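Both complexes below contain chain A, partnered by chain B and then by chain C.
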Partner chain A sequence: MKTKLLKIKELPIILILIVISIIISVANPAFMTLENFLDILKSNLVLAIMSMGMLMVMLTGGIDVSVSSVITAVAVITGYSLMHWSSNLLFTILVAVLSGTVMGLFNGLLIAKLKIPPIVATLGTMSVILGLVLYITNGTWMTGIPEKFIDFGRKKLITFPTGDGKALGIPIQFLFLLVAVLATWFILRKTVIGRGIYAIGGNRDSAERMGFKPDRIIIFVYAFEGFLIGLAAVAHTSIMRQVDPNAFLGFEMQVIAAVVLGGASVLGGYGSILGTLIGVSLFCVINNGLILMHIPTFWQKIVVGLIIIGSISIDMTQKKRTERNKTRVDVE
Partner chain B sequence: MGQTLIELKNISKTFPGVKALENIGFSIDSGEIHALIGENGAGKSTLIKILSGVYQPDSGGQIILGGRVVESLTPLEALQSEIAVIYQDFSLFPNLSVMENIALEQSVKNNDNLVDWKAMERISRDALDQLGISLDLNTILGDLSIAKQQLVAIARSLANNARLLILDEPTSSLSKNEVRKLFDIMHSLKNKGMALLFISHKIDELFAISDKFTILRDGKYIGTYGEDELDDEQLISLMVGRKIEYTIYPKNKRTEPLLEVRGFSKKGNFRDINFTLHKGEILGLTGLVGAGRTEVAQAIFGLNPADEGTLLLDGKEIINSTPNDAVKAGFSFVPENRLQEGLVLSKSIEDNISLTMLDALSGKSSLINLKKRKELTRNWMEKMDIRPNIPEMITSKLSGGNQQRVVISKWLATDPKVLIVDEPTNGIDIGAKSGIHQLLRDLAEKGLGIIIISSELPEILAIADRVAVMRRGRIITEFFCENITQEDIMSKAL
Partner chain C sequence: MKPELKRRLKSKEAVLFLIFVVIFVFMSILSPTRFLSLYNLQSMAYQLPEFGILALSMMIVIITGGINLSVTYTATLAMIIGGFAMSHMFAGGSSAGLSVLVGIILMLAGSLACGAFNGYVIAYIGVTPMLATLGAMTFFEGISLQVTRGGAISGFPIEFIKIGNTAVLGIPVPMIIFLFVLATVYLFLERSRMGATLYMIGSNPKVTRYSGINVRKNLFITYLIASLLAGIAGILMASRYNSAKESYGSSYLLQAVSAAVLGGTSIAGGEGKVIGTVIAVLIIQVISSGLNIIGLNRYLTNVVMGLILIVVLTINFLTREKQFRNN
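Now for the complex of A and B:
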C-alpha cells in the first residue's frame, strides 16, 4: 500500500520524463544511447548530490542560494589541500566535508539563532564566500592536481565493452552520489530528527509543542547540506581535474530548479528522495536535449527560470485552492 | 462518577490592563463529561491554556492534580500529567501520515534516535482500535476530512495516555452525522474512566452529552451544575447576566431604505442573508464568533464576495466585487483588528487619515497636495475630537480609543453612505467606549446608515436601533432594540 501510494504521487513526473525522453530521441537518435546516458550521469552527479541537501533544506521550509559559492570554496580548499598537504583520498574527503559542514553550520546558525530568513541569510553568505574565494584565487584556475588523485577520478565502477574497442563505464564518482542518497534516506526515513524535519515543515508550532527542537534541527539540516556539498566538491574536482572558481556561477538555480521539479514544496513539509532524483533526471534530460538539439545555451537559463516559476506556481495554486475550499462557517 | 482528577482553586489570570480570569475554582472527575460554558470573552480559552500549561496563572492559585498541588503547569508537565487539548486546529501535521501523527510524539518523548516504524504502527493501531475506528495508517493526514483529522487528534491523545481530554469546540466544523459519531466516541471514552472537558456554544449539544456544566462570565466563576439542575433558559440567563454600563440611546423606527441585502449566500460562509438598512439607522449584527457575521460584512464590502445574491443601494443594484468598488459606491468598513488592518501604526495621524483620500488630494498632477492634506486632517481631528491634537503624532502612541477614532475618521473622509464597523470597541476602556458610541449615534443622526458587528450584547442594546442575530451562517431573527433583553438575543444565537 505504502509503495503504491508513493508511486502514484511521483507518477506524473515520471510520465513527463518518459514523454520528454521520447521526444528528444526522435529529434536526435544520439540521445537514447548508453554513451549519452553515462555522459549525463557524469556531468550531473554533482547536481544530484547537492539536490539531496537542498531537498532537506526545503523540507524545513527553507532555501539555500549559497550552495554555488560553498561548493566553489570547498573545491578551492580541496585543490589547495591536494597540491600542498596530501593527495591521500581519505584525507582529501575529510578536508572537503569538514569545510563544507562548517560553512553550512554558519548558515544554519544565522537562520536558527538570529532568525534571519533563509533566503536573506544564504544570499549574504553566498556573496561573502564568493568574494573571499575570488580574493584568494584571483579568479584564476587552479591546475596541478596530483596525478594520484586524477587517476582515482578516471576509475570506473563497471565497464561496458563497446564494439569499437573503447570502454564505457559508470564513473567512480557515482559512489559519492550513492553515499549521499543513502545518508539522506537514512536520516529522513529512519531517524527521529529526520521525521522532525518533515514535522517542522508541516507545522512548526506543533512540532515544537511536541518536543522537537526546531532550531537544532535547522542547524543540523544546513550543516548536513554542507557535508554533502563537501562530497560533491571532491567528486567535481576528480572529474574536472582542476578547480575553476567560476565554474558554479548561477548553479544554485539549477539545484533549486531540479528539487522543485521533483515535487518538493517551497513552503516546506512536502518532498521525497525518489521525487527529487526523478526531478534531477528530468532536469538533466531537458538540459541534455537542449544541447543535442543545438539550441543556444542562453535558452537553458530561460528554461531553468521557467521551471522554477512553473513548479512553484503549481504548488501555490494548489495551496490556495485548498485554503479556499476550507469551510469558515458551518452553515445550517 | 469517578474520583476527582483535577481541582482548581483561586485561579486568576491578569493580562496587562485586563483581568481575564478571577478566582476560578472547580473540579473535574474521571469518567465525566464536563461542559465549560460562557460567552465570547468569558475566559474559557484562557482557562484551557492554563490547564495545558501555555499560560501561567497569577500566583496565589492552586491546581491539584492527582494529589499533587502546584501553582502552575508547564506544557511538559501538562503532557506528563496526561492532559491533552484538542484545539480547533488540532495541532496536527497535514504532511505526515496518520500513523506518525498519532505515534511520533512517543519517539520524541522517549528521546529516541531512530524511528521504530513497527512500534509506531502498533501504537497508532491500538489507539484507533480503542476509538473503534479504522483508518489507513499510511494516508497523509491532509487528505482526510476534518472529522477524520479530529479523530486522529483524539487517537493521538489516547496514545499519550491522556486522562483529561479537553475538546475546544470540537463540533464546530462537523456535520450532524459526524457530531453523532464524535459523541459516541466521547461516551465510550467516558465509560473507560476518562475525563472530558467539552467546550461548545450549541445548547442542544451541551444537553445531549454533558454530565456537568461549569459557567464562566466575564472571567468569573458563576457555578457548576449537574445536567438535571438546569434547563436551557436558566443556562442562558446564567451566561449572559452581564451588567449594562452604557448610556442607552433612544431607538427610532426609520423607513427610508438605504441598503438592501437580498439572498446573499456563499458556500461555507453564510446562506440566504436578507436585511435592510435604513437611512440614519444603526443596525446591530450579532451572534457568536464564527456565526458568519464578519464574513457577511466582508461580502458586502467586496472583500469576500458572495456567490449569489444582490445588493441594492438607494434602490439601485450595485456589485461590490472589490473593496475599491465598495468605496466608490459609498461604503466604508472599519475592520475588527484596527492594529493590523485599520492603521499604519508607524505613521502619523495625518498620514493615516489621508490614506483613503489620496486620489482626491492629488488631483491631476498625481502629487499629493500637502496643504489640502493638512486642512483635511485638522478638520477631522477637530470633528472627531482626537487627542492629543497633533497631526504629526505617530498613531502607535495614541490610546486605543483615539486610534479607533483615527480609523473611523479615515473611513468617514471618503464621505460614505454606509459605514460598517466590526467590533469597534474591542479592547478599549469604558470611557472611550462611550465616546465611540456617542460618535456612532451622532453619525447616524446625520443620515449615515451604520452596521455594527459586536459580540457585546449590552453594546448592541445601547446603541443599535435594530439587531439581526446570526447563527451558523444564517440570520435567525431580527429585533427592534426596545424592550428586549440580552437573554432574548442569546437564546437565538445559541
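Now for the complex of A and C:
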C-alpha cells in the first residue's frame, strides 16, 4: 500500500501543491476558507475545461495555440445567438458546441490532411479567427445577454449555509467541467480512439502499423477540443454575463502552461487527466495566493514564470535520474 | 550547368521570391502613388530591420529543433535594462556619449543574460524549448514590469535616438545594421563548421551526440547568439520609438515564427535557409505596409497574414505530394 502510494507519478506535483498551499495559508488564513475555494473554482472553470482538450491534443504530440481565439469566436457567436435567436439553454449549448467543433475540425484537417505542423497550422487559424472576430465586433463588448440565461448562470448546485446569512454554493457551471472531465476520461480510458491517441503520441509509425488511423484520430482530437471549447464558452458567458472579445488575449499560454505543469509531455504520449487537473489547480492556487499575499502584480509574472521553469526542471532531472538507474540495471 | 540552373529556378526560394514580386507589383498597382512613394519605401526600410533580425533569431533556434517564445521579451527586457541605466546616467549629468555607450553595452549584456538563462535550462537541464521559453517569456515580462512599473522608460540622449532614425547616403542606419547582421548570420549558419553542426543537431540530436559533438555546448551557444540578435533588434526598437516598454514588438513573436516557416525552415529542425527567411520577411512587410496604405482594417490584415501562411504551407504540401508521386 505504502509503495503503491509512492509510485503515483503525480506525487511530486501533489507535494508541490500541498507545500505551496501551506505557505499561502500561513501568510493569509483567508486562503483556507470554503469561500475562497469556491471563488478559485468559479474563476478557473474555463481554464480547467480547456485544459482537458489541450491535454488530448498534446497527447498526440500536437499543440494548439488557437484555443484563445476559438473560445473568443464561440463566445461571440453564443452571445449573438442568445440576443438574436433564442435564449433557450439547450439551443445555446448546441450553437456553441457546434461552432467550436467546426473550428476544431478545421484545425484537425489542416494538421492531419495537409500535414502542416500543429504549431504553425494553429498559429495561422489563430490569426485568421481572431482577426475576423475583432473585425466584426470591432473589439467592443457585447452586453444585453437575456435575463433568462443570466438567471441560469447564477444558479448553485449545492449550497452551504454560512454564519452571516450568505449562502455559498458550487456554481452551476461546475457541471460543464464535470461533463468535460468525464467525457475526456471516457474517451481516453474506455475507447479504442483513446488507446490510439496515446499510441500515435508515443510512436506514430508503430501506431499506424498496429492498425490505428492517425489522420482520423488527429482530426477527432482537434474536433473534440473544439467541442470542449464550446462548453467552456457557454460557462464563461454565463459567469461573466457579457462577451469581451479581448478577454482571452494570451490565454493559450495559460492553458498550455497548466497542462504542462500537470506533467504532460509536449512530445506526446505522456500525460494524465488527474495530473492535468492538479496542474490547473497549482496554476490557480499560485495566482490566487499571490493576490492573497498582497504581492504586487509585477512580481506575479516573475513568480509564475519561475515556477513553470522550476517545476519542469525538477521533473526533468528526476526523469534523467531514473533513466540513469535503468541503464545501470541493464548493464549489471 | 543547365540542370543546376533549372533546379535553382524551381527551388522553394525562387518560388517565394516570385510570390514576393507578384505581391509587390499587386500592391503597386492597387495604390501606385502611395505604395511606391519614397516616403512609404523609406518607412518600410525603417520598420523591416527590427522584424527581420527577430525572424533570423527565431530561425537559428528553429533550425536546432527548438523555438524561442521569449524572443520579443528578451528584446524588451534588454532595452529596458539598458534604457533604464542610460536615461538615469544622462539625467544624472553624464555625457551623452558615455550614457549611450553604457546603455548599448547593457542592452547587449542583458540579452546575453536572457540567452544564457534559456540556454542553460534547455541545453543543460534538458527542458523542451517550447516550455522553457514559455516560462522565460512570463519571467522576462515580469522583470521588465518590475523595472518599468507598467510604464515606458524615456529620456534617452538624442544620439541614441539617431541610431534608428537617420540615414547614411539615403540608406537608413537600421537597414545597414540589418544587412550586416544578415551577412553574419548567413556566414555563420551556411558557411561555418558550427552552423553545419546546428543543422545536424536539428535533424537528429542523438546521432549528433554519438558522432562526438558536444550538443549541449552548441545548443547553449545557439541561444546566446539568438538572444544577442534579439538584443540588437531591441536597440533598434528602443531607438526608433524613443522609449522602452515591455510590450514593444510583442506582435513580432508570431510573425517571426511565420516568417521562418514561410521561408522554408522546417519547424522540426534541421532545414532552412537564411535567404528564404529574408524573402518571407520582405513578403510580410510589404503585405502589412501595403494593406495599411490601402486602408484595410488592421484586424483584416491579421486575417490575410494567417491565410497566406496556411495557403503557402498547403502549396508546399501539394508540391511535395506531386514530387513524391513522380518519383
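Everything that follows uses one rule, which is that the second predicted complex is superposed on the first by the 290 of 332 C-alpha atoms of A that agree within 3 Å, B and C clash if a C-alpha of one lies under 4 Å from a C-alpha of the other, contacts with A are read in each partner's own complex, and residues count from 1 in each chain.
Methods note: a residue touches a chain if its C-beta (ideal position, glycine included) is under 8 Å from a C-beta of that chain, and two chains touch if they have at least 3 such contacts.
No experiment lies behind these values; they were computed from the predicted model shown.
Visitor: On the A-aligned overlay, A:I119 touches which partner chain: chain B = first, chain C = second, or both, or neither?
Guide: Touch status of A:I119: second partner only.
Visitor: Could you say whether A:F174 touches chain B, chain C, both of them, or neither, answering first, second, both or neither?
Guide: A:F174: touches no partner chain.
Visitor: Go through the superposed model and pick first if A:A207 touches only chain B, second if only chain C, both, or neither.
Guide: After superposition on chain A, A:A207 lies in contact with chain B alone.
Visitor: For A:V303, decide between first (touching chain B), second (touching chain C), both and neither.
Guide: second
Visitor: If you count the residues of chain A that each partner touches, which comes out higher, chain B or chain C?
Guide: Touched residues of chain A are more numerous for C.
Visitor: Looking at A:V192 after the superposition, I want to know if it touches chain B, chain C, both of them or none. Which is it: first, second, both, neither?
Guide: After superposing on A, A:V192 lies in contact with chain B but is clear of chain C.
Visitor: Examine A:F224 and indicate which partner it touches, taking first as chain B and second as chain C; both and neither are also allowed.
Guide: neither
Visitor: Contact-wise, after the overlay, does A:I312 reach chain B, chain C, both or neither (first, second, both, neither)?
Guide: second
Visitor: Could you look at A:F248 and tell me whether it touches chain B, chain C, both or neither (first, second, both, neither)?
Guide: In the superposition, A:F248 touches no partner, neither chain B nor chain C.
Visitor: Could you give the residue numbers on chain A that contact chain B in one complex and chain C in the other?
Guide: none
Visitor: Name, in rising order, each residue of chain C that touches chain A in their complex.
Guide: Going through chain C, the ones touching chain A are 67, 121, 125-128, 130-132, 134-143, 145-146, 149-150, 254, 257-258, 261, 267-268, 297, 299-307, 309-310, 313-314, 317.
Visitor: Touching residues of chain B toward chain A in the complex: what are they?
Guide: Within the complex, chain B touches chain A at residues 75-76, 91-96, 100, 104-105, 107-109, 112-115, 136, 138, 142, 146, 172-174, 267-271, 290-292, 295, 471-474.
Visitor: Using the touch rule from the top, collect the residues of chain A that touch chain C in their complex.
Guide: Touch residues, chain A against chain C: 63, 110, 114-117, 119-121, 123-132, 134-135, 139, 253, 256-257, 260, 265-267, 297-306, 308-309, 312-313, 316-317, 320.
Visitor: For the complex, give me every residue of chain A touching chain B.
Guide: Residues 1-2, 5, 189-196, 198-199, 201-203, 205-207, 209-212, 269-270, 322, 325-332.
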